[in-house]
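Next come two complexes built around subunit A: one with subunit B, the other with subunit C.
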Partner chain A sequence: MSELAELPKNSTATAASTPAPRPGRPRGDGPALWQGLLPVITGVAGFVLAILLLRGTGWAQAGAVLAAFVLVYIGLANLGRHRFGPSFDLTMWLCLIWVVVLVGAAILAPLLPLGEHEDIAATIGNPVMARPDPLSVYPLGTNNLGLDLLARLIYGARASLVVSVGAVLIGMVIGGAIGIAAGYFRKATDTVAGILSNSLLAVPPLILLIALATVLEPSLRNIAFALSLLALPSMIRMARASTLSFSQREFVTAGRAMGASNLRLMARELLPNVLLPLASYAMVIVSVLIVAEASLSFLGLGIQAPDPSWGNMIAEGEGGAFEQHPHIVLVPGIVLFLTVYSFNVLGEKARKRFDSRQAKL
Partner chain B sequence: MAIGKLVRRLAELIAVLIVVSFGTFMLVSLMDADPAVTILGEGHSEEEYAAVRADLGLDDSLVVRYGSWLGAALTGDLGSSVVPPYSDVMERIAAALPVSVELAVLGMGMALLLSIPLAMWSAYHAGGRVDRIVSAGTFGVLSVPSFLAGLVIIMVFANQLGWFPRAEWVRLSESVGGNLYHAFLPALTIALAETAMFTRILRNDLITTLREDFILSARAKGMGTVHILFSDALRPSSFSLMTLLGIGLGRLIGSTVIVEYLFALPGMGSLVIGAANTGDFTMVQGAVLIIAVIYVVTNALIDVSYGYLDPRIRRAHV
Partner chain C sequence: MPPSPATHAEHADPATGSALLVVDGLRTRISTTGGVVTAVDGVSLTVGRGETLGIVGESGSGKSVLGRTIMGLYTTQGPVTVDGEVLFAGKDIHAMDQRERRALWGAEIGMVFQDPMTALNPVKKVGAHLTETLRRHQKLGRTAAVDRAAELLDLVGIPDPRRRLAQYPHELSGGMRQRVVIAMALANEPALLIADEPTTALDVTVQRQILDLLDTLQSELGMAIILISHNLGVVAGRADRVAVMYAGRLAETAPTDAVFDDPWHPYTHALLGAIPRLEQDPHLRLAAIGGAPPDMVSAPPGCRFAPRCQYAKDDCTTVLPELEPVPDSAGHEFACHHPVGQGGN
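Let's look at the complex of A and B:
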């Protein structure tokens, strides 16, 4: 501890006499190289050993793999701080990688060498409820119909992401337009937009979804439409608030003095400024919508089996299956958690950086 | 002045309620299927379907139908269910609502009980080890959907350890102890996400409050830390929390619905989900309307109560 406290002092003292250190290089106050490499190497070795030696032990293997991941995480965090300085945020990078891998896998799903994800007829000879084993043909196990969980996860990610991202985009376009108009024109437009968004907020999100699911066919298009109603009110409020803070600024006044029309002022002056906070907020909303879709599918009102979705995969564990075969719930559950967590972390970062209102407070 | 603001708020409230009730009423028109077919089932003659449609008033104009529906709803008549056993919607809701309200209140109470000490410890030792663990932990908990948390809680506490029952409910009127015992796990599931949210908000506000001069003067007078935290710092730090209670109410209702489904409890959630699965749109309409009214009115009350809690707001806005 005392060594750590001493180090920065030394480095500043020497910095005065010697030429300035190369930019981007650590000043010797981060962890040493071995503090990063050692955990990473032991972690990777532990992971390989756990996969090879603890095959078929279930919880013991899962525990060993988890411990190996923790070691690798600690090592990577130290390596990052060693290389990029103390502000290195490993969690954010891991979240970014997770989202990129997930989106990539979802887009490329038909091209990947995956097992069967929905055709029950093709899996008659397959093992049922196989435990996850990375060395077998079913790396994450199979469900009660012998369908491959990894394939179902990736096709489920497809459905989840298409629906949630589509809903956010619809919400952004419509909500953004209404919000900018409300913030720009104020008066009656503002009141109407306020009542509209308050009315949408007046029904709790899940209740609204269930109500819509009662009357609509559970197709991807309808689910995206229902979810976009959840995104709409916050998008309206966000766009309105940003517009309010920009509409009194000089560049808008200047535009108006030059004779620009209302439409032009909104589209060319306000929209570019409102878009960035809106887009960063969209990241947080995506995670909310992913949870909403999963909840709906879990309740049997969203995407219908045999089409995979994370929600209906988790629902397969209900009624005793979870107890005997925990992986039925845990595999999609962990993926859902990691995805929501990643979007939350990234959204939070983006919001801190781009939300002008936060910066002013 | 104060009256003017109140009237404005009330007018807004009524406008919102009208829009919501109209939206709820319009749900049926979104339906792809013919309501008459839903009610009678397939294979009836065209005349029978037409009779049902006329009976539902589907031949009248929209405004007339909305007017009569709203009029009936205002007198407490929400119609009867369109699927067997055609029970009265209001009766079913009246039986289910207390269960949901109790669960929500218990969950909220549990969350407050857990989050206030957690937030205080974190704020007092801001930047310390516990604070960092609490911060990371609450952020993680917020990323766990309530149905997932509920499933894991059921597996651990009800199935593996066998400490608590599942899928049973004892009414409060039958036995208070039994009721609380049966409500514990569902309330815990609801409380998880709420605790995380409350802790984060309260911690941030407490850190700001603890920097104020009156805290310093209390300390200078020789007050103990616990005394300062509870009687000096808590109240001025609780306003964001109050706002959150209003905003978070929607999430709370959502997780109550999920939890009722998971634990098979006879509340509004089970009622709505069951009705949604059978296409029982009058039941869903009635439940949505009641929930929305409760939600909107509660939020309005919280809004108005600010002024009474914080004299500064009273002076600034009224």
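Let's look at the complex of A and C:
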């Protein structure tokens, strides 16, 4: 770098007379420190003020909190660019934090100091349809039976995440195996796998789920299996396409020339290569399945009340409740939106990084 | 048994029965959408223990398919039909079932591939590439396999082998990777190593190192090598005998010296003429062989080289020449009606 800096530069480049930016500590072109700190401080102040002063105003408080969030976001994005350079992607980090917090809360739910989430008998004395108020004991409000929405959200996240992640894992294992076999053996295996995935794709997903739900008992396990049918065809295709591209590489022939069996070639040479694109695609599929699970529960075919799930929480807004108490639908709806959005952003990011079409080696 | 050039000639003689590999009338046909390609068309050759046979030919002459058919990677299955026999240590590779062949691969016959960039699995560590075959064929334990793998890397001249074992292929340079590929092929000390263009993807200085390495390893381990290359220069100093291949058939086989000093087949002659030489005048137009190799879907009835041959006569386009021995020259055979050099013309 130092030799480069001493080289004579042409006149248009003299603006960059400062030392070349070192990785990790860029200077000069990024936003200044105050451009980050100022919005963050005003945003946090606005957030505190909105909570304290606008208590009980409903929409006004919600609007003020939203505006404060936007300010904080802008500030943090500038701070990140100031510190880590222009490629800093705040959205991705926020999505990652959201997913980590959500998964953590879902796992630790029984240990957290939460309100009652399903036992109606315990909530007879509680306020009904309380509005969200971070300063009260019901930070996100209560539903028509006085159950705490925050507690229901977190327990609902357990159901949603277990079902959708479980379904994706089932789809990944089965679909991955079928896809690798199809891409490796080609011929009849490939044809059969193609017919299987095409016929699964040909059935409208929601109809398929409803049909399955009428037959199967709505338990977490059965819903996961039903949803895995949605993940299966794309997993088969993804695994098959990756296998096709990797089995052209000479290391597969080399492995065979070393005396490896077909099974060994698939498990040891192809699987590790196929797994990476498959796993990043699974992140995207998780978000699709979260929505699918919510739709099932919304229709009353998935998780059954009083067990909470985001879908049946949204369904509680039916029959006029939404008009008078919008938070009943908005709270689970926003959480669902943020979760799906986060999984999509993270999945896309991972896919871009690990896609086989861009793999260099 | 340490190989020496003197012993090669006797091993090369199929009549003695001591040859390691005998290929007889090998024909590999591959069905494609464009028709049936006869990639290897009646090739017979022998390789003695510890001998190096160079197979030379231009792109598409079928030399790689020949190498893979000899190994049994191409066998009668799906679109591929193989006729003739490949006797390795007396057993026909193409008559074996898949399980027997797999026991042979990696253990008795090793293969070095052309492109070290793709011959290694990018998500497997160097160590895993080596230990897997050791554990499979030699039934070594985990630690013993790692020790042996480190020895192998040392053998192929990779410094600090323990550290390299824990690295991924992308952390190694092209030459280093080709050394790893060679170490893989040598792991079980095979009797025969098929090196399919082992240096084509490497730059010239590394090419030399790799070829020297193969030479040293051969004299240490006493294995036979089939060195496949499109480059006569690569084969010149390394092979005991050279087989020149054209359009799926052998044009000429001879001891290396004889190929360079006294070629009988016009194709060999033309190939040698196409090598640029330092003593030539500068800016001289390079000699080239006019035309292109024949379409292997519908090969001409006579000599495959006839359309490009400056010595071709009428019978060349009608009668397919068979390999015949050069008089008074052991192990020198050619397939031509009107040979050049001391043979006529």
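Keep this in mind: the second predicted complex is superposed on the first by the 334 of 361 C-alpha atoms of A that agree within 3 Å, B and C clash if a C-alpha of one lies under 4 Å from a C-alpha of the other, contacts with A are read in each partner's own complex, and residues count from 1 in each chain.
Just so we're on the same page, a residue touches a chain if its C-beta (ideal position, glycine included) is under 8 Å from a C-beta of that chain, and two chains touch if they have at least 3 such contacts.
The shown structure was predicted, so the numbers you read here are calculated from the model rather than taken from an experiment.
Student: Mind checking the superposed model to see whether subunit B and subunit C fit together on subunit A or clash?
Tutor: After superposition on subunit A, subunit B vs subunit C: fit, no clash.
Student: Using the touch definition from the top, say if A:Asn78 reaches subunit B (first), subunit C (second), both or neither.
Tutor: Neither partner.
Student: Figure out whether A:Arg249 sits in contact with subunit B (first) or subunit C (second), or with both, or with neither.
Tutor: After superposition on chain A, A:Arg249 lies in contact with subunit C alone.
Student: Take the Cα centre of subunit A as the vertex and report the angle out to the centres of subunit B and subunit C, nearest 10 degrees.
Tutor: About 90 degrees between subunit B and subunit C, seen from subunit A.
Student: What is the contact status of A:Ser160 with respect to subunit B (first) and subunit C (second): first, second, both, or neither?
Tutor: In the superposition, A:Ser160 contacts neither subunit B nor subunit C.
Student: Please work out whether A:Leu201 is in contact with subunit B alone, subunit C alone, both, or neither, and reply first, second, both or neither.
Tutor: The answer is first: A:Leu201 touches subunit B but not subunit C.
Student: Going by the touch definition up top, name the partner, subunit B or subunit C, that contacts more of subunit A.
Tutor: Subunit A has more residues touched by B than by the other partner.
Student: Where does A:Ser261 make contact in the superposed view: on subunit B (first), on subunit C (second), on both, or on neither?
Tutor: In the superposed model, A:Ser261 contacts subunit C only, not subunit B.
Student: Subunit B and subunit C, closest CA-CA distance after overlay, in Å?
Tutor: Subunit B and subunit C, overlaid via chain A, are at closest 12 Å apart by C-alpha.
Student: Counting contacts the way the document defines them, which residues of subunit A are shared by the two interfaces, the one with subunit B and the one with subunit C?
Tutor: none
Student: Mind listing the subunit A positions that touch subunit B in their complex?
Tutor: The touching residues are 194-196, 198-199, 201-208, 210-217, 287, 291, 294-295, 298-301, 311, 314, 317-318, 322-323, 326, 329, 333, 336-337, 340-341, 344-345.
Student: Help me check something: in the complex, which residues belonging to subunit C touch subunit A?
Tutor: 71, 73, 78, 102-107, 110-111, 113-115, 117-124, 132-133, 136-137, 169-170, 181, 184-185, 187
Student: How about subunit B: which of its residues touch subunit A in the complex?
Tutor: Listed in rising order, the residues are 12, 15-17, 19-20, 23-24, 27-28, 30-32, 139-140, 142-148, 151-152, 155, 159-160, 249-251, 253-254, 257-258, 261, 272-273, 275-277, 279-281, 284-285, 287-288, 291-292, 295-296.
Student: Touching subunit C in the complex: which residues of subunit A?
Tutor: 187, 249-251, 253-261, 268-269, 272-273, 276, 359-361
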